[in-house]
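Quick one: the structure is below, and I'll ask about it shortly.
Note that the chains take the letters A, B and C in the order they are written out, and that residue 1 is the start of every chain.
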Amino acid sequence: MTIDRDLIFDLFARYGALIDSARYEQWLGLFAAECRYQVMPSENSRQGLPAALIYCDSRAMLEDRLLALCQANKYNIHTDRHLIGLPRIIGAEGTRVVVEASFAVFQTDAEGGSQLFATGLYHDALVMTDGQLKIADKFVLLDTFAVPHLLASPL
Amino acid sequence: MTIDRDLIFDLFARYGALIDSARYEQWLGLFAAECRYQVMPSENSRQGLPAALIYCDSRAMLEDRLLALCQANKYNIHTDRHLIGLPRIIGAEGTRVVVEASFAVFQTDAEGGSQLFATGLYHDALVMTDGQLKIADKFVLLDTFAVPHLLASPL
Amino acid sequence: MTIDRDLIFDLFARYGALIDSARYEQWLGLFAAECRYQVMPSENSRQGLPAALIYCDSRAMLEDRLLALCQANKYNIHTDRHLIGLPRIIGAEGTRVVVEASFAVFQTDAEGGSQLFATGLYHDALVMTDGQLKIADKFVLLDTFAVPHLLASPL
């Protein structure tokens, strides 16, 4: 598969922007029909422990999880701001392209205080579907299990 | 209008770099002769309230505001560091290209302490003028009205 | 020398990723055989004082320094996360390309706490060697001399 860098950069830029503007339906649309989404703290990843904070292996499951998050959100009014680093194209695996990018998420609460919420690494497998680049597998490596607040929006 | 991604990426990279190195005259030069620059907290933006923290609808006004900022700066010795996320090209509107990018600004004070100063989103309309890409309209959406210090350099 | 933007973006992306995943040997491999690496606080840089926090003017010296860092690391268990801004291509100087990029490094300690560690600017001279883009000169401008912890991994 040939790699179109512009599409990859655009996908990562949209990914963060859609969460930050709470357009979660469109954010869901970035995933392929068959997809997986995991959030794993690096403590588990380093020790080979398979438990994830969030594990969804279908888009329906991801949608369900998203609804739960948005429900929790009512008790944790905040806005997110993603900063996503330069995507690093690791290579092609069959029809997938593996790409990594570091990220930081800042949250602003209802009192107007902004702070660092989480840092980590996206490890993604991307596929072309109907002429669009979609996320087939998203592995969110969180730098810590100890996120300061409720995980109330997608990372 | 065809979109040259490289020019767009370069413009955003220069934008942050010129502020961080206090080259404000060159920073002004990134704006088109006819331009608008606004900083608005998301609290106002969400409620449709038009009041901006900073509102300049000409380059002369922006220059004047900049002088005032630099004056205030004498009482708030600090350096800025911008981190600007991947630009997201929204599309063309006539002769303008609309682009968004998230940002974080960190400030370091005279005692050597660095901290998060502000996060937000740039929503820009860019134009080609005399072969150069310039900012016609910059809307700085601040994630909070409660910036921790004096707004003593451009965002 | 013609400038291949993709190679430049890839080099910066790999630079941060290799440190963050503690692949220091591969990180060393990003430097040209003849290279220089400096970390200088902006306080010194502004006043023209030549003293650097770290100064290595050969790859052997950089390797030695790296071993010392990794040793110190045993007493400062942490992981790094680099966020590197959009590279800004300054221009060509003979066979070198000069590129700048702002950065922020976040550290997560053994208790799972993440915080801002350092912000600054990379000012790099890059060269093509055997078909690969390498770092000939890396000048890490730190925004403060007062880094909160031990400088126990490369910046």
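Everything that follows uses one rule, which is that contacts are C-beta pairs under 8 Å (C-beta built on N, C-alpha and C of every residue); 3 or more make two chains touch, one makes a residue touch a chain.
Please read all numbers here as calculations on a predicted model, not as lab measurements.
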Handout entry: Copies chain C and chain B - interface residue numbers shared by over half, same or different
Key = different
Fill in the blank from the handout: Field rot_deg for pair chain A/chain B, CA superposition, rounded to the nearest 5 degrees, holds 120
Exercise for the section: Compute the distance, rounded to whole Å, between the mean C-alpha positions of chain B and chain C. Expected result: 27
Fill in the blank from the handout: Touching two or more other chains in chain A are residues 83, 86-87, 104, 116
Handout entry: chain B residues touching chain A - in the complex, by the definition given at the top
Key = 5, 42-43, 83, 85-89, 100-104, 116, 118-121, 143-146
Practice task
Spell out the residues on chain C that touch chain A in their complex, using ranges where they run on.
Solution key: 6, 9-10, 12-14, 16-17, 20, 79, 81-84, 86-87, 104, 106, 108, 111-116
